[in-house]
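Pasting the structures here.
Presented sequentially are two complexes of subunit A, the first with subunit B as partner and the second with subunit C.
Take a look at the complex of A and B:
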């Protein structure tokens, strides 16, 4: 089918937006293609391919400002991993990117693709949630992008709020207070390298005089969507962490998550292991004992 | 669609379907048979090539993104000054058995060494070579070969420009 083979390779955002305006959807936006090309049916059916890696702003932008970094949706993970400012100020993001696939995948895969594909197992998503990232959605209207939080974009496995003519343009991540900051990103898979997550957990928080000032906990790959665990966070907030408090938090996350059973894991495994991963993170963070 | 790109320093022009995989273009159309299809899903690394200076799995690169790119396969890397040393290390450590994964491993080894400023330890080699699967050796011998190679300063940090420059000649 010749229609399937229409390809657009816009050089900049202006050209991209003009192509979207002048053509009839559906469009298939392509960045690193690492998910798209292995989804054989979807790839075969994909029509009106629009390459986002050819769009200079989306492929090149890694703009560090005083209080945030703005990353183009089509910037590969490896560039994020290698950026010295991001390494220093957003180590949790670097850790998540490093745990996504192999170096060959990191050289192609992108944050924009991870978001737009909306896989429940997307490893960057819980991290973007605890970092309170702003997702800029194009095309911009009168120079303004639509801005959403990560948990507002995904509506179910493979489903997002993105309209047929919309694409992820930038991911803006604020730099957070570093005084007293603690963080962890853990991924549990079939094996340590390359496996799709059975579950992952991102934790970002601040400790002041031994008291948890604030904490954000988000799981991925457990349920159809990523989930912030606000009731678990509540248990830990403004408290001095000890074994009893951590036990309460682990009990709460067991109740708070609603895991699915699928080919990678069962509901009970996910419930149990999420609580144990949280326990491990909190014990290590608060140095209750060294494992 | 008509695409033109550079493979191992030579300009190539082809008429291909935009969704054709770079792997098929290299292996079938250009007869660069070092590029192997293992899993076809981006997991095994048997089809690894250098694409615009970075190692990628060529099974996950569509033809339309190949247009205007620069690709180096094992056939091109063979022209590198350090290639003989890499070949020797793999042989001497017994890191080659059936050989199917080998071109991908060598591509990843070259790319890995290029970014190294100091000798590598085992953990680092395991992480950086995790995208290449080998079903024969059990990896130990491959890791030893790469560790050995990372001790040789002239193999590390070979600048990209130097790689393509040499290959183009």
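Take a look at the complex of A and C:
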């Protein structure tokens, strides 16, 4: 940290908004700091630090309603994992949170940080995409937050649409029909814990009589952005998946992603494995084995 | 043998209570911070260095090569400068040093130095180095060449039923000790004090004595050291030189503290290797002859490459008896960061190569890999490649048999093969591989390994390690040695050995601070030598203390006391060690090491006893590969180690577990690439070592087969557990895929490519 930076610790949203109003950007919002602390250069350059964990609404909110849950952007993963309603109604989210870093990271890291950090490898992002989460962006104007979807927020690696004075306030996730629901979140990394994904895949769908009523598929770490694979979904929707159809879906997802080779993996491996993980998920869901 | 809760690590309490002070914890008044400006290019001519006039240079201290009279780090070849003067030879090589009162000023100053480089051609490939026009070291870029011959390789060739050839390679490995490099230099009028994280204080002293040309008295003090693995053997000499130059010029204490990124980018790595091996075998798989060619990549400067190469060459025939041998080994120079010491010191590369060659023999002759190994294991009375006859403490067969039985290797080998067959068949047909959701490819692999304990060849006789034990006023024996604790348990081992020799409580024994003004040079803490070599001196010293105390007591009292398990006894009286010792406070004993005369080595012809003794290990690794993602994990790991005698059982088990896991990391987790001559890693995020979640179920057994010259029979242990782990894991991959994996590390991406190749071949 440089010597002349200011740390703000607003107690609530009102104070937060006032601080933003009365000070000159850039601001560095700090939640769990699990990304920030390792980005030493940014950390050092940061002038106005705003601690979001002191903002009670952002740090405390885990509000369950009938049809949705609203999670404060600065609520640590471990609280999400421990919430019994979320565990029951949003198991795919819990699974993603559990696979982030390690217990220590889960005790500090937040969904808001994962989203704002905008890494294509962020593990919660594909899950938030298939859950069709609403991201509430503050400050609220006349009590109204700006609401966006995940794929609208992230514009590229490390890039978001958030303005200098904007922050993520809440993540609102609708509860979905549970009848016929199937889901999977898979993460492929170089070790069992504390690994940045080489690729990940989230699948959420609904079956009726063996027919796919709806399906949402989103990958991570295999494209500069987080996008659902709508053409792959299209192949499966309203169909009764068999090996041939799944093969078509796998072919399609290979085309819908645009992985690169970097220090963590190769383009070819990522493309191939994303498709095979999708196949694995679908075969297991539909109990299709080479009988 | 079993665990003993009272035999806990003597350094554990301070560490658990966070009382142990590492160099960054020390409060040093007026401390300045130093840093190096480094070359961004793998090879270049320094055309000019300019200091921007807009910066006030009075605020900082700057050192360039021109000011250093003896600009070389005294090591084996003295080829590495403290600062490059004309030519830089690797990306990351230090060119300018700066120190300032605070880090902000330091950074600012750094931004105002401009070094003008003229890029020069460079060579990064160790196989191209020898014939390259780029000259880094001498005419041929060879730091050392070793030839070892035994018998007549031609004869083996003529009698061979099969000729089995294999090329294999291993990559860089980063130590990733928990505490990054850190050294402080404190200037005094005629003296410089070096304090820091290090393995070998006397190496630093020798390098700095040379650098100052004797004009300064150099005192080196080891601070608590948070891990080293060989990474703090040679490198700190360079870093201490930097700190000392800045401290003397500025008149302030100066710290050279690396952050993690600088540490992984510019410090030494394990030597990459290339092997081209030929085995001549009979139809049963018995090895008649081995013709081995070894290359080690030494990087831009020699550091310890010559000795690393020697260990590689001397370990190259593994745990096998081979009548005819020819070895040609070369350590070559490339424009990469100098390679340096790392646990195993050339041994892991050599054992990987020979173990994979054995796999290939089994593959070619359609034998199980354990059959070929068993047939060739070396036995007492047989000789190694240098003609060293193994006369005692030989346990290749015992460890091997034990680990095969305990792991149920043969049964599992067959069961897993059967289980894998349909999964593999589908995989290679290009169809979905699983029949059940949890289908996994299961492999079981094995290795036998050895590690020569103590320095290679005549090293011990050259170093002549010396210790002193002195009785203090309280009647407590104080050990003076230059051995360092770095988390491996050295303090515990030395205290245990002396306590056991004197039959007194360990708590009665003290260790002096490792400070070159206080302790004699007992040699560096490397080469698995501390327990065995320095420990043996302590046993001798302890015995002498007893006999001298007895003599003194008897001549003073006119009686005839004898020593019995901690007490002096004369029939009438019984007096504790401490009481007697207190009377003769100040009594001291010095001991100096040389090999027992029966151990002889000729390091010109490479004949004789390369090591006084070897420690032995055998391992079995059970590996699982996800047929969808090719993720690899080690589910279970069995190993049997024969180490002469476990001085501290728990500590020995911990060493074996940790070393094995580090070796597993070398096999399937840890990868360092080069990008424009620079390592492509920055720290824990992208250099993936196994975490506790990747720790296999470990089943460790220790066998004891005493070494007649070791303390209570003990041999070296520190490095051995590392050596056999990678070949055991990779052997399991051979078993699963029936494919020769010859390059470390093996990543899921590699398995993916292999399966694709096999698919194409099948099609």
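Basically, the second predicted complex is superposed on the first by the 285 of 291 C-alpha atoms of A that agree within 3 Å, B and C clash if a C-alpha of one lies under 4 Å from a C-alpha of the other, contacts with A are read in each partner's own complex, and residues count from 1 in each chain.
In this text, contacts are C-beta pairs under 8 Å (C-beta built on N, C-alpha and C of every residue); 3 or more make two chains touch, one makes a residue touch a chain.
Just so we're clear, the structure is a prediction, and the values are computed from it rather than from any experiment.
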Quiz item: Where does A:188 make contact in the superposed view: on subunit B (first), on subunit C (second), on both, or on neither?
Solution: second
Exercise. Check the residue A:5 against both partner chains and state whether it touches subunit B (first), subunit C (second), both, or neither.
Key: first
Quiz item: Now for A:196: first (subunit B), second (subunit C), both, or neither, which partner does it touch?
Solution: second
Practice problem: Go through the superposed model and pick first if A:38 touches only subunit B, second if only subunit C, both, or neither. | Solution: both
Quiz item: Where does A:258 make contact in the superposed view: on subunit B (first), on subunit C (second), on both, or on neither?
Solution: neither
Quiz item: With the two structures laid over each other on chain A, which partner does A:277 touch: subunit B (first), subunit C (second), both, or neither?
Solution: second
Quiz item: First (subunit B), second (subunit C), both or neither: which does A:30 touch?
Solution: first
Practice problem: Have a look at where A:266 lands relative to subunit B and subunit C in the superposition and call it first, second, both or neither. | Solution: second
Quiz item: Counting only touches as set out at the top, which of subunit B and subunit C does A:49 meet: first, second, both, neither?
Solution: first
Quiz item: Do subunit B and subunit C land on any of the same subunit A residues, and which?
Solution: 38, 102, 193-194
Exercise. Please name which positions on subunit B make contact with subunit A in the complex.
Key: 1, 17-19, 21, 41-43, 45, 48, 51, 54-57, 59-62, 64-65, 67, 108, 111-112, 126-128, 130-132
Practice problem: Note which residues of subunit C are touching subunit A in the complex, please. | Solution: 104, 259, 426, 431-432, 434-437, 628-631, 633, 669, 673, 680-681, 685-686, 688, 690-694, 747-749, 752-753
Quiz item: For the complex, which residues does subunit A have touching subunit C?
Solution: 2-3, 38, 40, 102, 188, 190-196, 243, 263-266, 268-269, 272-273, 276-277, 279-280, 283-284, 288-290
Exercise. Please name which positions on subunit A make contact with subunit B in the complex.
Key: 4-5, 7, 9, 30, 32-34, 37-38, 43-44, 46, 49, 51, 53-54, 76, 78, 98, 101-105, 107-108, 193-194
